[in-house]
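Worksheet: one structure, shown below.
Should a chain be cited, it is by its letter among A, B, C and D, assigned in written order, with residues numbered from 1 in that chain.
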Amino acid sequence: MSVLVDADTRVVVQGITGGEGKFHAEQMIEYGTNVVAGAVPGKGGQEVAGVPVYDTVHEAVRQEDADASVVFVPPAFAADALFEALDTSLDLVVAITEGIPTQDMATVNRRLSETDTHLVGPNCPGVITPGEAKLGILPGNIFASGNVGLVSRSGTLTYQVVDNLTNRGIGQTTAIGIGGDPIIGTSFIDALELFEADPETEAVAMCGEIGGEDEEEAAEYIATQMDTPVAAFIAGRTAPPGKRMGHAGAIVSGSGTGTAESKINALNDAGVPVGDTPEEVADHIEGYL
Amino acid sequence: MSVLVDADTRVVVQGITGGEGKFHAEQMIEYGTNVVAGAVPGKGGQEVAGVPVYDTVHEAVRQEDADASVVFVPPAFAADALFEALDTSLDLVVAITEGIPTQDMATVNRRLSETDTHLVGPNCPGVITPGEAKLGILPGNIFASGNVGLVSRSGTLTYQVVDNLTNRGIGQTTAIGIGGDPIIGTSFIDALELFEADPETEAVAMCGEIGGEDEEEAAEYIATQMDTPVAAFIAGRTAPPGKRMGHAGAIVSGSGTGTAESKINALNDAGVPVGDTPEEVADHIEGYL
Amino acid sequence: MRLHEYQAKGIFADAGIPTPDSRLATSVDEVVDAGAALGYPVAVKAQVHVGGRGKAGGIEIATDDDELREAADAILGMDLKGYHVDRVLVESAVDFVNELYLGVTMDRGEGEPVAMVSSEGGVDIESVAEETPEAIAREGVDPAFGMHPYQARKAVYEAGVPRDVSRAVASVLETLYDLWESKDASEAEINPLMVTDGGDVVAADAVLNVDDDALFRHPDLADMEEESYTDDLERKAGEYGFDYVRLSGNVGIIGNGAGLVMATLDLVDHYGGDPANFLDIGGGAKAERVTNALDMVFSDPNVDSVVFNIFGGITRGDEVARGINDALSQFDEIPKPVVVRLAGTNASEGMEILDTSLVQVEETLEDAVQRAVANAEEVQS
Amino acid sequence: MRLHEYQAKGIFADAGIPTPDSRLATSVDEVVDAGAALGYPVAVKAQVHVGGRGKAGGIEIATDDDELREAADAILGMDLKGYHVDRVLVESAVDFVNELYLGVTMDRGEGEPVAMVSSEGGVDIESVAEETPEAIAREGVDPAFGMHPYQARKAVYEAGVPRDVSRAVASVLETLYDLWESKDASEAEINPLMVTDGGDVVAADAVLNVDDDALFRHPDLADMEEESYTDDLERKAGEYGFDYVRLSGNVGIIGNGAGLVMATLDLVDHYGGDPANFLDIGGGAKAERVTNALDMVFSDPNVDSVVFNIFGGITRGDEVARGINDALSQFDEIPKPVVVRLAGTNASEGMEILDTSLVQVEETLEDAVQRAVANAEEVQS
């Protein structure tokens, strides 16, 4: 089993006619993902990466029965593409696009809260269930099928941790790159809930980083509602405090939150070991299995 | 028993310092309604009609534990007042104000759909549970306590029908003036559901009029989900078709809907007798009791 | 409030929607000058608030000065379904290969705006909606978010608009929606949106009806309001601020509240009478409005008998009674018999005040209507 | 992107928020002219992107020409926490009886905007937030509907703003929110909003930080961007378009992806080293960017050793390897030892391409960092 995606997931690629969209559509198909269509306004009737392109997501769903989308649409048009995906009631939308304005994402997430769709990202590497399907830009070859769930705010750091796992023969149920933007569709808790509910996921590795309070909230969730063991890595212990001019953000978030120390303490208090190196995370995970 | 309001309902009057607001607050209190506060920005600390005025509905709720409001705020500011009432999670909001722009109401109703609040109106005479409480501008003296629920799109027509009932000794559990605007908070069905769930309401009189399809939908509800007997009056049998220039509205509503004939047929098909005169409605109701 | 075609087109053009070159004209000479300036062929279009202008003779095409003068002569000054034509729009005729329909309105049932596109424009779109509803693509809009660009595109693709103009049509629809929203419109429509040989789109007609209740925030639009009724009574009702509709019968009806007035009309009909009008004096009506209302029904030569039906909530019976007494005491002889029925707030005080030498008083709605119908029959016999 | 105070104030003033009379000046003479024109007392305020300007000597009050000249001399040209002061705002000092705080930002935890009002403005508002959070009224805003007028009033009343200015302050907050939204701001702030004796309100400071990702739709704001770094390396990073932060250590770090670069810094620290910088070359980095990145760390005199850590997803290992070879082959002697670790897409191809006469190659992140730390220690010893 797995979470979010598997070999049956029928994927439409929004923005498939762009350079990145086309390249990664091909990569996804090569990996074995069931990519059934592309959606690009005005390009309906074309064929790209061997799949038909439709003008609207709606049409792609009607014609090809798609139930998930991957979004490679440029930032200026990404919010519109996400609304289109949400309003078409897909089960899963993975937003790869980097640089979507934060206010756009606040509006998208407001709509998301009213739907049953899972939105992963934006500004994320995607979701992969090794051997079955990948939706996004993750390098498929470093993943292996197995029983560890992985959730990460960072792209390349995810690959690093996965590499450490795979190299010692530990495969993954599903890896979810949730993205590092201030406002994202799937939080750590959302991903942890999915893994907790998945009988095949025996342990979870989570990669956090400084900023926000998502990791602290996840620690609370793990302590109170999660049986599956978790090991974590937190990037940014040595990062200098950012330079700010305004104070509004600091008032809202409160001082002393969002630091690596605060996150590591919260996780340790929740019984989650935090590795000093990615290798140490792999050690902890190996200990769970 | 009753629906929506009773002697325990704690009412805040929004716009109590205006002419209409003050007059009707006094009338409501004289009727015995538990008016606990007024809310008018900038007028906090005053006392009007014997109750304290607060700057915000929030403060009126915090200080006086209000759970319902009546809105007499002028049309230009009414939508804002309604959002304030909805966001303060009152159980009931009765909007008397006439002339609220339709687009404003569409936005208010969008928010309403996410809350547990009942909004009655706008452009309605209000809600009364005879002998207990009235929220609005209905003339209390024509009502009598009893076992008939009344729901109406029209103001003065409501009074007419109530008068016919009261004059022959038939009292009312609660009367709800839902208002005749294109977009209203409480539909016929919403009101009928409340009466259906109320064990004391033994029969329901409904007063509809031409336009929209609310009566037709109510007929469907009565036929399929309602045990309490209903008798109806439909105003506008002899009304000439309106003069229109655009067609968009007609396309959406479809031709042949919204006429008195369509409503009367739908109701008759649902087993609801439609009186030719208000007296005949009272005859039918009397027959049910 | 309904804008004239030329007013709506001006607003559409300002917002970037392509419209034909045109000029407004109020005299035959102006029309001919406009034709010369625009170049033939031109269309001459009566600017009145009437549907089906074309069939009623309110639109003519002219290919030279003579035809144009003839058309202008025929249209200017004509009576078009009760409206006096005092101005026409002279407009370059557009060569088209396709006619589309675009519209935005409030879907009352859903409580949300809806945008519509059809590739079968230029015709009676209501018939299209009835006979082939699938030919009209509809896109409901969430009022919390407004219309997303993808929705405009989706409606255009679903309607089967020719692919070479789909982007242009979606852009016009986005603008039309924005106008609908920003102008507080009840309806915004383009029918037809013409598609030319060269792949351009042009709004050949324009409808923009504005929510009367929202005019307070659109003083510029409110200033555009101009009625040109040929009916004196309807003009008078506008001046008095009454909700008034003239009908064909002889029983004049005055009441408070649209529902109650409609019910009174229905009862007149039910008891064999024939309503002469719908007249709602509104809530909280003061004495002056009562006087004005009586003036209106007395001014209608068709009226033989009047029924005055007031159920007081805000409106107070004693105030109404005083208004009736005042209005009627100005006459040496009451021109038409008036039956009054007061109920509700201060009704008994009102009944006492009423001067029964001027009016007939009834206690119930049914009795009042029956008596008014009988009075009318008496006059006729 | 952070606007300067004078830029933000200009935008606030255009939107109708009252601000003091002021002039921008770049020389001592201009400052003195401005003082004479405005009338004393005036404030001279350094226009740099630094918090706590006042305490750092970046703001002075002058009551006559001499004081003003002295203040201008002191502030213009000063180095304020790493920024060169090349312009000051000369502003009429405001007599106030109260100082308020207004702010709008995105509440990341709630995923919605939040508006804030405090009657304890003019001070370190973050301390107020920490010590007496109840002194700051917060109003979450539903992004689907925007801020309702009642919310601005509610925040003002809850903050205990003096009643005689509550309406004026609510109006400023509404405008501030509208600006925050329409300018795609991350933060919009007024601290203090001064309340004068006469019951007027004046924005004595102005903060408007704009979402970099939204600058594409605000070309006017993007044009305002001006950095005045005193640090050459940070300026260079800006030109190259790198995400770069200079630190105090001697191990130069280059990587792709913020999380991985942060993790590399953490590992340098973990293995006893001291990071010299954070440098993220981003995704899909081409050879030229690799060359530029090496140029940057080599230009930093503090750097004794470099670790280059690439995990390829979009970024291809062979491309990176070629970039490294190209960049290093330009040197007769490699200025600082470089440890390279490639993983992910085309990593093995990259490893093969890498010229080991130029760089040291390691297979794992841990080994690469340890070797770079050892290299740095060797240089220092």
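What to note about this one:
Note that a contact is a pair of C-beta atoms (placed from the backbone, for glycine too) under 8 Å apart; a residue touches a chain by one contact, two chains touch by 3 or more.
The structure displayed is predicted, hence computed values, not measured ones.
Note on connectivity: the fewest chain-to-chain touch steps from subunit A to subunit B number 2. Of the two chain pairs shown, B-D and A-D, the one joined by more C-beta contacts is A-D. Taking the mean of the C-alpha atoms as each chain's centre, subunit C and subunit D sit 58 Å apart. With centres set at the average Cα position, the gap from subunit A to subunit D is 27 Å.
Shown for subunit B are the residues that touch two or more other chains, namely 107, 111.
In subunit C, the residues that reach two or more other chains under the touch definition are 142, 144-145. Under the stated contact rule, the graph of chain-to-chain touches falls outside the line, ring, star and complete shapes. Chains touching one another, given as pairs, are A-C, A-D, B-C, B-D, C-D.
Listed in rising order, the residues of subunit B touching subunit D in the complex are 41-42, 44, 55-59, 77, 80-81, 83-84, 87, 107, 111. Partner subunit C is touched in their complex by these residues of subunit B: 75-76, 98-104, 106-107, 109-111, 125, 137-139, 141-142, 152-160, 163, 180, 182-183, 207, 209-210, 212-213, 233, 235-240, 243-255, 276-279.
Residues of subunit D that touch subunit A in their complex: 2, 49-51, 103-109, 111-114, 116, 125-126, 129-130, 136, 138, 142-144, 181, 184, 186-189, 191, 207, 209, 211, 213-214, 216-217, 245, 247, 255-260, 262-263, 265-270, 275, 278, 283, 311-314, 343-345, 364-366. Residues 142, 144-145, 148-150, 153-154, 157-158, 163, 166-167 of subunit C are the ones touching subunit A in the complex. By the touch rule above, subunit D contacts subunit C in their complex via residues 144-145.
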